[in-house]
Amino acid sequence: MRIGVFICHCGSNIAGTVDCPSVAATALTYPDVVFSTDTMYACSEPGQDAIIQAVKDKNLDGVVVASCTPRMHEQTFRRAVERAGLNRYMFEMANIREHVSWIGKTKDLNTGKAAELVRMAVEKLRRNRPLMAKRFETTKRVLVIGGGVAGIQAALDCADGGQEVVLVEREQSIGGKMAKLDKTFPTVDCSSCVLGPKMVDIAQHPNITLYTCAEVESVGGYVGNFQVTVRRKATHVDWTKCTGCGLCVEKCPSRKHPDPFNENLCNAPSINIPFPQAIPKKAAINASSCLMLTKGKCGLCAKVCPVKCIDFEQKDELVNVDVGAIVVATGYDLFDWHKYPQYGEGRYKDVITSLQYERLLSASGPTGGHIKRPSDGKEPKNVVFIQCVGSRDKSVNRPYCSGFCCMYTAKQAILTKDHIPDSQSYVFYMDIRSPGKLYDEFVRRAMEEYGAQYVRGRVAMIYPKGDKLVVRGADTLAGTQVEVPADLVVLAVGAESAKGAVQLGEKLRVAPDQYGFFVESHPKLKPVETNTAGVFLAGACQGPKDIPASVGQGSAAASKVLGLLSKAMLESDPAVSRVNPARCVGCGKCIQTCPFGAIKEIQDRFGNPKAEVIDTVCQGCGICTVTCPQGAIQLEHFTDNQILAEVNALCPPKMFANFE
Amino acid sequence: MLKVAYYPGCSGQGTSLEYDTSTRAVCKALDVELMDIPDWSCCGSSPAHTVNHVLSAALSARNLAQVEAMGMTKAATPCPSCLTNLRTASHKMDDPEFKDKVNALLDVPCKNSVDTQSVLQVLAENVDPELIKGKVVKPLTGIKIACYYGCIMNRPPEVMRFDHHENPMAMDNLMALLGAEVVPFPLKVECCGASYGIPRGDIVATLSGKLLDASRDVGADAIVTACPLCQMNLDLRQGQINDALRENFRIPVFYYTQLLGYALGIDRAELGFEKLCVDPRLALGRIKQPQQAM
Amino acid sequence: MPAQDVRELRIVGFLCNWCSYGGADTAGVGRFTQPTDLRIIRVPCSGRIDPLFIVRALMNGADGVLVSGCHPRDCHYAEGNFYARRRLEMLKRFLPITGIDERRFEYTWVSASEGQRWQHVVTEFTRRIHELGPAPSFNPKSDVDWNALAVQASQGQGCPCHGSIQA
Amino acid sequence: MEKFITKENLNRLAAELAATCRVLAPVADCGTVTFRRFQPGMVMDLHSRMAAVSPKAATFPQTETLLVVKREIPEKKPEIIETLPEGKNVVIGCRPCGARGKLIFDPVYETDKIKDPYYLQRRKNTVFISLACDRPETTCFCHSVGSGPADPSGSDVLLTLVGEGYVARSVTPEGEEIMKMALFADAGDKGKEADAKNAKAREMMGEAHDYASAPAKLLARFDDMDFWLAQSAKCISCGACTYMCPTCYCFNITDDDLGLSSQRIRTWDNCMSHTFTLEGSGHNPRSTKAHRLKNRVGHKFSYYPDLHKGVIACCGCGRCIKQCPAGVDIRQIVNAAQEYAE
Amino acid sequence: MSQLDDLKTAIKSRLGDLECVIGWEQGYDPLHATPLFIRSEADLDRLIIGPLAVHNLATYLTGWKGKKVGVVVKGCDSKSVIELLNEKLINRDDVVIFGLCCDGVVSQRKIRAALPADPGFVESVEIGADSLKVTVAGQAATLRLDDVRADKCRVCDTPDALVSDFLIGKAHTPAPAPSLKCQDEFEAKSDAEKFAFWQETMGRCIRCYACRNACPMCVCRDYCIATSRDPLWVSQENLPSENMMFQMIHVSHLAGRCTECGECERACPVDIPLMLLRRYMNKQVRDVFQHEAGKALDQTPPLLTFKVEEERINERGW
């Protein structure tokens, strides 16, 4: 082999504490190294050109660059060696900046360490081999999971981009959390007026197939070629016939189950259309409370239905869809505030969540837009808002900021004053977080124009006194304890991952973080990608987000999908596991441990079982390589021999000792 | 028969003598044997821990070592203040370094093997409610009771490890078992002012006054408590509170053991109702007499 | 720092690319000074770390081996560190029977954002290895060492199984 | 030359020789007996049992470094150092069968065309002081392969236990040289006693088995895989038999490449191993243990005798039988071939 | 009828459907048994069982994969069969299991230590109910079976086969010793002593791989990474470090799979007490995963699975 070594000064970043020329000179003694030099900025255009030139002049077939972390520039240099005519995997990097020059103070120790890291890279490179990507065709169809505002945006953008879209929504209607909101900050425009047209677009777009009351049952395949099974849950209404006239809803005698769309503030009929703007505007039966389905008598809806679309016998239906890419937009759920004993754990009816309050404010809500408190229906005069309920609190395992609560609390304080001019709002807060366009101004308006009293401090307890609730908290600015008698307490509950997100993540092989939010590929540079190729994230399933951010991500995910599916053929990462069938004994242990289902059992021509890697599914983690006792399955580019070469370079085994 | 080492605490020797005697009486009636700790001494409450944690813990540890010498691992005390000190000492001694410091002060080292509980916890967790129910001869039917736990019986939760720290229910459940109507008392873990009674009577008047006010609001005939200091502030100082707040509270404040003993038909002499400052007769009079003796 | 007063010892690190290697980068970006003894081998996932790599390093004379991956539940590949945890724990527990000081091997979890934690881990581990000193060589270094062992063996010392017929 | 040496003096002899030579002697080793490099302070264990391993390592060590490559200087020409074995070796207390093993090596390692310098140097510099056996083990069959319990061939000095010492007889000039040391005393008439002992030992071995027909009979079974499948059923295909064997001479050469330094080593190889005949293509002409056992037995009792004047490549020490984890008995296999009814 | 007769009857009843039945016969001398591959009723006459039948015949099963065979197993051997089944390395339908209720087997090493002369000179052996009468080099010696029992038998809690098609003999109530003295003593040694012990012992190792090939769970055999070049884990140089490296490979690959049958140690021609390593690893597996390989069907080896929360692994605080 002919290896070239390039030691980067990175200006003074490396050269300040590492003797780069001396490292380059030492590298020349390493086996197979035929060229070694130091360079000012390896990643700069002249730096890259010098590498390319050296490859050509010195006839190199492998390159080592010692510079910054490979997490920064590995791709850059791989492209450079590719331009020089080498395979991109005939390249190794030694991290002598983040791991050497920036952390060690002593120059000679740093220099020695840098030389050893280069040696490690050389020994690994000596065992590298060119890897070629495989090419394969893709299915030009997109699955969007979740019909909230992020999913709606992603679906519309993909459909407008010419791709077929299948949108799957768990609830009866799309719209998500946004559909439940009365107004949106900071413009205080009507939420459903903004969202409604987009929902209609979904229903009418020729490229979009919408499945509501549906969930993803299973996902197989890989980027470009996923096989998805969708479970369409029985609605007991034939939606091909239902006109959404609502007659059945009016006549339904069973109104015993809480209405989830109205956040359980009121009950809903057993056959229902959740809200006037629902898409699709179709009725569905709640099987757990329907008299016909639970007790076998009633059937009033079937009798009144003008198109005879009620079907009590209807069963769940499984639909298979082949797609090339998947957008996950499953949103968030509200933190269960009952974990806070100091807020009464549900003993006090007039302690409600912010989303419940939204429904009280909404003209389509249970009170027709009149604020009436749940206990006695009275109009509250003193409304206390408590922020950070389930946000920024380690004690309930929610150390993160939910991001949007400060803003909607300000909005609700404003709306309270609009609805009840003689009311007084109090807001207990920790910090105001309003970093958005017109956001801080909006909070100021709540305080200054609408007279909301902001108290900086946590609430220690709520207790009833007479028909009021006394909210006791700290006012940390005044340094005192305050007690506010309240008619209604609204908890600004934080966001947590959507129920079922972890299970869905398992099906999609997208890892959730410790709070159940899906992990993006890179927090800055790949915010909507996941580590499973072809699966993208949009909206609050990745972390709490407000509406503009969710819409932005929906579009971003859509653009990634469109970019992906615009290619006629895709290439798979060749740094995947590979089975040496001559060594494989077919024990199947690798199949058992692969988290991606990327290994299957095949039979060789003698009928012996062997493992085989599905290149396009394998993500390159290497769990199988450690599992295989024969070392028959090796993760390319991180083979046993490559890693052992690095170990041996660092710790040369004792040789030349003959004891007999 | 359940045996626990018994730490009466100093209040039980004086201001809350009736708590001690009624506790002993009900435990006996419920087959819980209280074994007096020989030569017990002050637990360190209340001032010691404000001065020096090690010395304070040493006072408690001495008593715990006495329990260990009895060959027992479980101790009980009626007083939440003692309980706090004993349990805090144990909790801190989980750190071996702290334990060594404490033991350096003791003649007999403490192994820290004793679990101290309140007598209330022992009764709530170790005595079958059905057994209690079966032994009730005078159900408390007719009386409305607010259960007041005080601020330290259940807190801090990681030390006390008993019941809910914001909304404890052990006493509520016990009183309900005896037939009383237990009214939801929102301030059941609020502070009564505690030992501010001596230096700052005004604070006690405000805080305890609020408690009395809340109990009146919820319609309680009486308050039941498990703490000598709470009882004293609410009962003994009720007159002072009335003076300070221009109120006219007349709410008797029982130890839960007194009402428990009453329901179990224990000799009233052992229950010490006569020691209460606010006359309990009106409240007790609300208890409907059993229709007929069986 | 006392660790730097004496000569460098040989400490090998195996770090997963996604979390701990990034954490070490973060520590570098933050200029969090660390002892220089550690040499890091980058692997895609802690699930790729064969405990035998660690054994190989120790057999080759490494004075310490440090493994770090993503925190449990944070694995880039969803499950890699769960397997790694079991494998590494078994190795750590096994080492004492071989007479290799198990303190020479440690595994932990450091995320890409925990630069300060990485500095702490490296500093502490390096300190520990310096306290333990250079590892003994498994292959006797000279004939003299070898012969001492052989004499011992010929006198039946060391082996508990052959002292008597009783187990 | 015939002399007498007491047991104590033999131990002293070992200690004295250890000052100038590498002395290999059987020592008790945690319940077993192995050849160890003898050091003053050690006690030889000559009689409790035959050493588990053979003394072949003296002339054919398990690992022999053939050459060393070092790369230190920037001019980059790696330095190649040949490492021929140096110094004298003495083996004390091996059995005649063990000492005879190298006679099987000689025609392989020294031919007209090929001379193996490593082997020959050790061969030349190693003296074998053997101890005649006084009682055969159940696995011994040296008498059937042309030898016996007091066979001097292959030894330089042969000792026979008489009373509290040994009658020593020189076999070669090198042996005679050692026997000139003062620790050896006059043998007196103990020689006769030694002869009687040796004769008795031979008598205890009973009648020798005749392997004359073995080469042809084994060759006749060459294509009979059923025969070899049955014979190899219990074999677990490990290498205990070949590594224990005084006559197995196969080796493997590997380059241990560590970049800055490398070594080329020669190590014992084992024909019972899959890798022994594994070809670069992945093809293996001896893919099963049946193939491999056929080769091992065939080589010793048929192919080698065919090439080397009928000499059986086995010294009858029985180690392969005794140490086999599955109790494979090479005698039974050869017998089965010899007695095979067509 | 004796246990042996019962066994023969059972084997006879199934021999027709089977390629062979693996049992034991007398080996090269009266003190040693050797595996017997019974293909006909005539072979059955040579079948023996008893304290000398030490071999774990489960070792052969993977070699017969795809063919229908019978195997005679002791309690301990049956654990290996179970583990092979659990790992789907053999097919239950292809194996007829003749399970024994076992009274324990001998340790040849202990017999060697107990006899007045080397067992190589053995002339005759009589097996009694609780003793062995051995004549060796003209001297007769009576050995109590209890004294020469294999270590594994002292701590055996599964004398009767755990899985079988025929269970032959009288069931035992096992009374295992809590631990082995040699193990406890060794574990109690200092790191330096243990280290020196393995240095020396591994110096004796000739890396013949008898331990590996005798192991019923070592199913890679021909493809073991100790003898491959890709991957190249171990140098062919016979250094203590390389020999130890191989043992570490063996232990590591057996973690959670080793059934403690003791074949590795028994097979070792230079008597290296390998079980010190195996038992210790098994103890760790028991402590952490409450797992004992081969004790029950349908277990997953603990290193092939995981729990999100590991109750017994303390997250390492730093």
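Order of writing sets the chain letters: A, B, C, D and E. Residues in each chain are counted from 1.
The rule is short, and it goes like this: a residue touches a chain if its C-beta (ideal position, glycine included) is under 8 Å from a C-beta of that chain, and two chains touch if they have at least 3 such contacts.
Just so it is clear, the structure is predicted and the values come from calculations on it, not from any experiment.
Looking at A-B and A-E, the interface holding more C-beta pairs in contact is that of A-E.
Each chain gets a centre from its C-alpha atoms; the one nearest the centre of all protein C-alpha atoms is C. With respect to subunit D, maximal separation of chain centres occurs for B (centres as means of Cα atoms). A separation of 51 Å divides the Cα centre of subunit A from that of subunit E. Between subunit D and subunit E the centroid-to-centroid distance comes to 30 Å (mean Cα coordinates, whole Å). Annotation: 42 Å between the Cα-based centres of subunit C and subunit D. Rounded to whole angstrom units, the spacing between the C-alpha centres of subunit B and subunit C is 55. Among the residues of subunit D, those touching two or more other chains are numbered 29-31, 37, 62-63, 256, 263.
Subunit C has residues 56, 59-60, 73, 79, 83, 87, 139-140, 146, 150, 153, 158-159, 161-162 in contact with two or more other chains. Residues of subunit B in contact with at least two other chains: none. On the side of subunit E, the complex with subunit C involves touching residues 109-110, 113-114, 147-149, 151, 154, 180-183, 185-187, 191-204, 233, 239-242, 244-245, 248-249, 251-252, 255-256, 271, 273, 276-277, 280-281, 284-285, 287-289, 302-303, 306-308, 310, 313, 315-316, 318.
By the touch rule above, subunit A contacts subunit C in their complex via residues 69-72, 95, 97-100, 102-106, 109-110, 112-113, 116-117, 120, 505-506, 509, 511-514, 519, 531, 593, 595-596, 619-623, 625-627, 635, 638, 640, 643-644, 646-648, 650-654, 657, 659. Across the interface of their complex, subunit A is touched by residues 24, 37, 57-58, 61-65, 68, 71-74, 76, 83, 256-261, 263, 282 of subunit D.
The part of subunit A that touches subunit E in the complex is made up of residues 580, 583-585, 587-589, 592-593, 627, 629-632, 634, 639-641, 644, 653-655, 657, 659-660. Within the complex formed with subunit A, the subunit B residues making contact are 164-167, 184, 186-187, 214, 217.
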